[in-house]
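There are two complexes below, and they share chain A, which is joined by chain B in the first and by chain C in the second.
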Partner chain A sequence: MEGLGILSAILWLPLLGILALFLIPREKEELIKLITLITVLLDFILSLILLLKFDYSNPAFQFVEKRPWLDIINSFYFLGVDGISILFVPLSTLVTLLCVLISWYSIEEKIKEFYLALLFTNIAMVGVFISLDLLLFYIFWEALLIPMYLIIGIWGGPRRIYSTIKFFLYTFFGSIFLLVAIIYLFLTFGTFDYTFLVGKALPFHVEKLLFLGFLIAFAVKVPMWPLHTWLPDAHTEAPTAGSVILAGILIKLGGYGMVRFLLPLFPQATLFFAKLILILSVIAIIYAGLACLWQEDLKRLIAYSSVSHMGFITLGIFSLNPIGIKGALLQMINHGIVTGALFMCVGVIYDRTHSRAIKYYGGLASTFPLYAALFMVFTLASIGLPGTNGFIGEFLILQGAFLKDRFLVVLAATGVIIGAAYMLWLYQRVFFEKPSAGVYNLAPMRWNELTALISMVFLVFLIGLYPNPFLDLMRVSVTKLLTNLP
Partner chain B sequence: MVGQSLEIVRTFDLSAVLVPLLPLVASALTLILGRKYFPQRPYILPVVSLFLSFLLSLKLLIEVLSGRIYEFDLYTWFVAGSLKVGFGFLIDPLSVMMLCMVTSLSLLIHIYSIGYMEGDPGYYRFFAYISLFTFFMLVLVSSNNLVQLYLGWEGVGLCSYLLIGFWYEKKSASDAAKKAFIINRVGDFGFALGIFAVFYYLGTIYYHEIFQRLPQIANSYVGIGDLEIHLPFLLAFLLFCGAMGKSAQVPLHTWLPDAMEGPTPVSALIHAATMVTAGVFMVARLHALFELSPYAMAMVALVGLITCFMAATIAPTQFDIKRVIAYSTLSQLGYMFMACGVGAFAIGMFHLFTHAYFKALLFLGAGSIIHALHHAPDPNDIRIMGGLRKFMPITFWTFLVASLSISGIPGLAGFFSKDEILVYAFFSKYPWGKLVWFVGLVVASLTAFYTFRIFFKAFWGEFRGLEALHGHLPKESPKVMTIPLIILSFGAIFSGWLGIPEALGGGAQFQRFLESVLGHPELQPVDHKVEYGLMVLSVLAGLSGIGLAYLVYVQKPALETLFSSKLCKLYTFLYRKWYFDELYHRIFVIPTLWLARTVVNLVMDAFIIDYTVNGSAHTTHAMAGLFRRFHAGLINYYNWFILIGIILYLIFINFK
Partner chain C sequence: MVTPSLNFGSLALEMLLLFSGIFLFLVDHFMKNKNYAFWVSVLTVIASLFILLFIPFGDFTKAFRVDFYSSSIKFLLTIGFFFLLFLSYPYLKTFSALNFGEYYGLLFFSLFGAYVMISSQDFLTLFLGLELMSVSLYFLIASQFLYKRHALEGSLKYFIAGAVSATFYILFLCILYYATGSIYFEEVIKKLSQGHLRGELLVSFVFFLGAFSIKLSLVPFHMWAPDAYESSPLPIVVFLAGIVKFALLAVLIKVLILAFSPLKLELGKLIIPFALFSILIGSLLAIKQDNLVRLLAYSSIAHMGFAVLGLTSGEFSGYGFSLFYMFVYLFTTIGTFALLIYFIKINTHLLNINNLAGISKDFPLCSFLFLIFLFSLAGIPPTGGFMAKFYIFVMLIKAKYIAVALLALLISVIGAYPYLRVIKVLYMDEGLIHYKKKSFSILLTLTLIVATFITLLLGIYPKPLLDFIQRTLFLYLSLQFFQF
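So, the complex of A and B:
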């Protein structure tokens, strides 16, 4: 395979932006922003081209690139996408693009470093989703932590140090188990090649241990109950862009990892542990939902709602049927869009008032009507109203899980009631009733905020009303995935 | 026309699609452009589009009358595994009747609102919302599958939320909106599980396939713990949860009276005539499922019966005119479920149809009064009304028509439909038929009493609101409001004439039309003499209620306080609405919040989970200090480090 493949192009394009940024003096802030914007926009367009060229009737990996890399340990520079990972590539580039847009005016210090960190993030995010070599995957997986750590630690809120350390400790702790499990696989089979490892039999007790090794890393990222407490802290202190990346991509890595690695590599163990994970998912849904009812901080509330929504996603994955898994994959995209947008919305008012306290607000529907309308759309998508994208994912997940375990779905579905309760209560406190003193004369929304949020509204309804093209992309790959399960 | 076999057309039909689509387009345009481009006349697009929808509905009605049924998918909404959900239409007698009813009422109420909402800062928003509501309602009734029904179902719930909270600056309004949405979610929780279960056991969510496959599960049982539950009952129960929420039946009824915080046209359209009847519509649509289980039928009848009676006992104690009518709606919805619960689905739909007109008329009449009194601190309070017949003659006469109709006075719409329910209940083969009849009869009397209570309080005697209005006198509403009232009063009389029973020389056309899809209930042999006797009884019940109201509120006003003073405890019990709100607050709201606060935040997160991590975080506290000092300079090193690493690595792989 000669020449540069489209996957490599998407992966490394931001590097050009990074090089350019290094050459520009830090005083030229507008130029720095513009170059970053153009870079990520091009990257996003490239990933859309990828999406269009993708053949959804082919279950094999596509756009494969395989070059020798570390011969000594038989590791390859091995890229490829299938129906499971295809949607995450444009999602990653889109999230970066949005981050650039919404940070345009709100990041005022160390601008150059911030956009450098964002571009690095972009590389690492795309890399994780397209690597088919376990070592390469692991490198991108860990590499993503560094810029994230910096974004929260430098541009974050007052308690950012505590949050970043907690974030780092949790995720690093999980990753170690992943690394050990990957090394064990290498020692057993002598390769990091994912396609080779799929379908290789292992003794049951080994499979279980390796499954747990992978699972801990993924469960921290998702985050699954009870490993979730880093997320609210990280979200609360992160700058808006940091929160959007966390919600949009970082926590999706866990869910993606489960579908990509746990199910195909460890089918026996998957069946063995499925019930446990389903139960943990239901606990997460209800527990985090209840926690949302008692939050006084906007970002913390949305962070907890993320934990609850991710509970639905793990529920869908481990229902182990096409309905549940497709629902979970779609819901990961949806959640990235909706929760990302909600964090952007919080960023919009935070930039104007510098308060995240729910109590500070009230009556925004009167003083900031356009914003209120946009926020309403994302609220409705978050509580899964039919017609929005949230409904499709939630419905498929619950229907899929119902085929697997009816009793657990009865419990999980209470999360839908709790979800409506905390989101509408939030909406009431922030937008309804008499305007509070601090919400008069807010500056109107700017072009960058409007572009970002309105494009999210478009996606909410596109996926909500016509989700089939997205589901079609996954179809054959999900079918193939499930044929590997015993 | 009636009784002949129906031909099913499975091709795309444009008018079926346009009926809901037009209000959607009007709503979207009004919402986006209204504020800027036509703040003074935001009603034009919605009214025109609804008028066209109404004409198209009539066209569809004619086609269905000539024996054609449309069923087709517009497009496939989503597919996963063996689950296929289409966005489709089913235009049959049941749905076409609903289409005509919804579009005609919505049109009249749109027109009425032109006057009622004039000068409100949210004028354009109001029309955008009620048009959107109409869209969802039309989607709900014309759907050909359960999931799309659910789409319409949640959509009307959303619009209801937005419109109850229309004056969101009032805390009571935004509270009521939230309450309505959340209680409906509780019902929809069961509804959604019902849909999952239907797919699980029947493998489809399309109505016609469900009906085909129902015989397979007629005698199936599922084990839940040690219990063996009849599968049709389980499915019916889960789906009926949704109906209890949307149609505000006990125990999920508490949101509807509070929903009166919304503007009055909203109460008329959404919380009386259309949305709240969706539950009845759903039960009728799935009647084949409910009929498989006598327990399910009993459940429907019982829930309807309790609601019917309870609401009728609360209504006479309330002083807010809209709340009285809201309780009346609960009670009338109870009648419809009672009809369904004795197998008379077509009769239930008949009452739904006539009720839509006379109840909308009652609400709009009340709205007209409120409009006239809107300078008063609480224009809804019947204690400041009185003598209005002199000031508002059109409102007076139309309100009288509606009151007579709901009281079941012969010749008016309410008489025919309510009487049919009582007759069918009496002759029903179900053992609870006689009980339904008896309660229905008692409630008929109560209904007449509380309706004429507000009628006499509002229109008779002397005007009591001079002080509240600072000496201004109320005056009749503008024509744009009174003309819809006049048109509706024709509906409140003649809508019943479509279904005059055979015993009175009619052809029961309406019922025969719907029975082609809803089936004819099995009855004990009907004796026409007994039937006449029953009619006389129910008319007497209505007249006695009116007479009592006349006695208490016109002739001997001293009697008015007799009940509240003599039977103080009972009165308070009724006045406080059987203490449902207080009960729910104690057993649901407070414990949930307690759980949220105590268990989640204090016990679990803070002590158990964070303890371990924070322990390690404390040990790394020193490290934190170190990091903090490094931070500023660190990033640049990091960036360089990563960049160099990546470049080296790229060189490495490309030069191999």
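So, the complex of A and C:
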């Protein structure tokens, strides 16, 4: 372990951007945007290099960096990726990159602060996915709250302050149980080292409590029903980039945390609680799906659809077999791409009309055809049409869950239908019917919007038509993960 | 037993502070240009840092001892005090009616008291130091009575609370002396470790804790704090909330180790309700405050609750974490008040939160620094405030106080709200008034840089300071152990 590893490079590269931004006077807005763009682009390229160098036949952690950090409590600066986390690193950097692109013209005030917050978000997101020391993980996990609080609160919509404080307190509340559980684990085994903690036996009643401690934190982030109420508010009021980060990465942290920590660290408790979580997942799928049909606000509808989709993901994880978990992991990536793209799409018209009400629109297909085509792709991907990435993920999840509990899968599968109903109905109301007064003379799409959306379309079809490389990446690690379960 | 001797060398630091104070008082009348007082103070503080580095350990009679622990605590305090001076100068420039020499002189008397207290080896010297420290503060709090309507009220409240505290302390001394026949730490602990008198000493300690709770503004003895803070000059608030309480906590720890260590578990349990209620009441009452100083006063009550939670386990790593917590809090407070001083230089009404609305537009850097300090106060990583809280919780859970830790954490979610509200006002509200920028004095800039640096560094890499604090405690303990 000599020199700076590639993981550290990916993690800390945005810090250079932050320092550079500090030195630039705030009047030079173009320069600020450019430097941020270059930083995140470099970071994305680095994470692609990481992806290419990753050896998918090796189940162990790779690119490991371990340095002493806090001796007094035996905590290390310990980074590494395996098949479970490898895909999230490029996803995080990609999402940040697209956020920079999509915000290019739409953020008009406090530009410097905005890009500082985005870069800080990037560090925290990547940090969560690659840290193997529980304390380090927690620090990144919590630090992410700071920029998100600001992004929603400063650049958000009319009810932004209510939403952002709700978001902050909700997630902060969830995290404290995680903190107590982490400290308890540390005091029992004397280390925060994840690789050491895996497979260590605990008394069953302790394991259950610790499981719940971790679960509350992750369930708030995911968010699982009934802890989801912060999400529609936060998603709706956040600026486009904020919604994309929330949908793309932030709520994936919960799912990632479940796969990474709950299953290997507390196998007994996982089995004990699996049924409960499966039921909660199905409730989330159906309840949130039905709630979508009620919504009159574009972003709120997509936010509720997130809750529903995340229900599929927890369903996949707690079906506790390789197919379900692989499906869940892939679906997290898919959902990040598709829902992120949907929020970008909403951002595109919101920037032009400043309205999120579904009623306001109508007939966009005739006045804004290119946009309508792009939106269609993401709509279909969100529904899970074969050929798009959403299909692969949902299919694997349902297949995995079928092996676990057939009755619940039947219920969950109705969620797919509800999904098709609300998305297609949304599409009909916004794009077809008689054009409303507000949709004429919309400015054509800009280069930044086109770049962002078209790259997303590319990913939708890449994963949809040829998912094998992505599944290969996670196969060995998922198999190894499940060997811990009794 | 160490033979008492009149070793005046051990008193060098205290003498220096005392003489500086007297000098400032005497000379002040003849000086037209008041800037000299600041420079004399800075020189004194630098000299005391040097003295602290080189002073030999030893006793001055049985009552006063210079050792590694007391010197280290004094060193940390002196560093804090150094930046306090940096805050005082620009503040006094803004409100020039304060008499400079007296202000610095009184500060030195108060610091002198704190140092006597830290070095004391018996309960009477401790009391002397405690009162010496407080008496100057009664004046300092009221020193702005020309500007602030409530200045005298705040001072009087602190004075009355101090009187009650003194009463408690005397009661404690009476019972202690009745029970053990001695006021020296060493003899008290000897009596205790023989196994007698546990009941009597436990009762006496209740009064001791009462006296200290008043000074530390722990609930239910917190009433004086918001009023006293609001009426004080801003640097004095830092002195009250940071330095005085740091010193008091250090002394409390010293007493717990040196005099009461056989009882430390019971005493720890006694502290828990004080701590938890302080966190709860401080957090709840901070929610509705519109005056920033009052808000920070309530937050200081909550923070003191967290800091004394570290004392509950009776382990000395816990004591170290308490001191670490206080140090982080001290520097976060210094940074926050540096900003407040700049704000009132712009406009005196900026101490009201509502007038800060949207100020980040005109003062981006100030707001950003304020943000860092506020997140540190709320305990969000990667700031020092998180690390400080984290270690306290590690210690609590280690001591099997899981319910206490969970409660404290749950309350800290409420406690985050006041800070979030300030950030909301700074960044998210629309500002109606545009304030004119004022020049940033070099002293304030320097203070801010150091405070920010320390707040962030302690959040990312707290190891050196923690090691240092643990070493002082460890050496101290082994020294004591050796004497038995």
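The rule we apply is simple: the second predicted complex is superposed on the first by the 486 of 486 C-alpha atoms of A that agree within 3 Å, B and C clash if a C-alpha of one lies under 4 Å from a C-alpha of the other, contacts with A are read in each partner's own complex, and residues count from 1 in each chain.
Everything below uses one rule, namely that contacts are C-beta pairs under 8 Å (C-beta built on N, C-alpha and C of every residue); 3 or more make two chains touch, one makes a residue touch a chain.
What you see is a predicted model; the values in this text were computed from it and never measured.
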Partner chain(s) touched by A:154 [first = chain B, second = chain C, both, neither]: both
First, second, both or neither for A:229, with chain B first and chain C second: first
Partner chain in contact with A:326 - chain B first, chain C second, else both or neither: first
Touched partner set for A:431, first chain B, second chain C, both or neither: first
Partner chain in contact with A:187 - chain B first, chain C second, else both or neither: second
Touching partner for A:393 - first (chain B), second (chain C), both, neither: neither
Touched partner set for A:409, first chain B, second chain C, both or neither: first
Partner chain in contact with A:110 - chain B first, chain C second, else both or neither: both
Chain A residues touched - chain C or chain B, whichever exceeds: B
Contacts of A:420 with chain B and chain C, given as first, second, both or neither: first
On chain A, the residue positions that both chain B and chain C contact, one per complex: 69, 110, 113, 143, 146, 150, 153-154, 161, 165, 169
Touching residues (chain side chain A, partner chain C) in the complex: 26, 69-73, 109-110, 112-113, 135, 138-140, 142-143, 145-146, 149-150, 153-154, 160-161, 164-165, 168-169, 172-173, 176-177, 179-180, 183-184, 186-187
Chain C residues within the chain A interface of the complex: 360-361, 364, 368, 371, 375, 380-382, 386, 390-391, 393-394, 397-398, 402, 405-406, 409-410, 412-413, 416-417, 420-421, 423-424, 427-428, 461-463, 466-467, 470
Footprint of chain B on chain A - complex, ascending: 12, 15, 18-19, 22, 67-69, 77, 110, 113, 116-117, 120, 123, 143, 146, 150, 153-154, 161-162, 165-166, 169-170, 226, 229-230, 287, 290-294, 321-323, 326-327, 363, 365-366, 380, 385-387, 391-392, 395-396, 398-400, 402-403, 406, 409-410, 413-414, 416-417, 420-421, 424-425, 428, 431-434, 465-468, 471
Interface residues, chain B side, partner chain A - complex: 75-83, 147, 150-151, 154-155, 158, 161, 165, 168-171, 174-175, 177-178, 181-182, 185-186, 188-189, 192-193, 195-197, 199-200, 592-593, 595-597, 599-601, 604-605, 608-610, 613, 616-617, 620, 623-624, 627-628, 631-632, 634-636, 638-639, 642-643, 646, 650, 652-653, 656
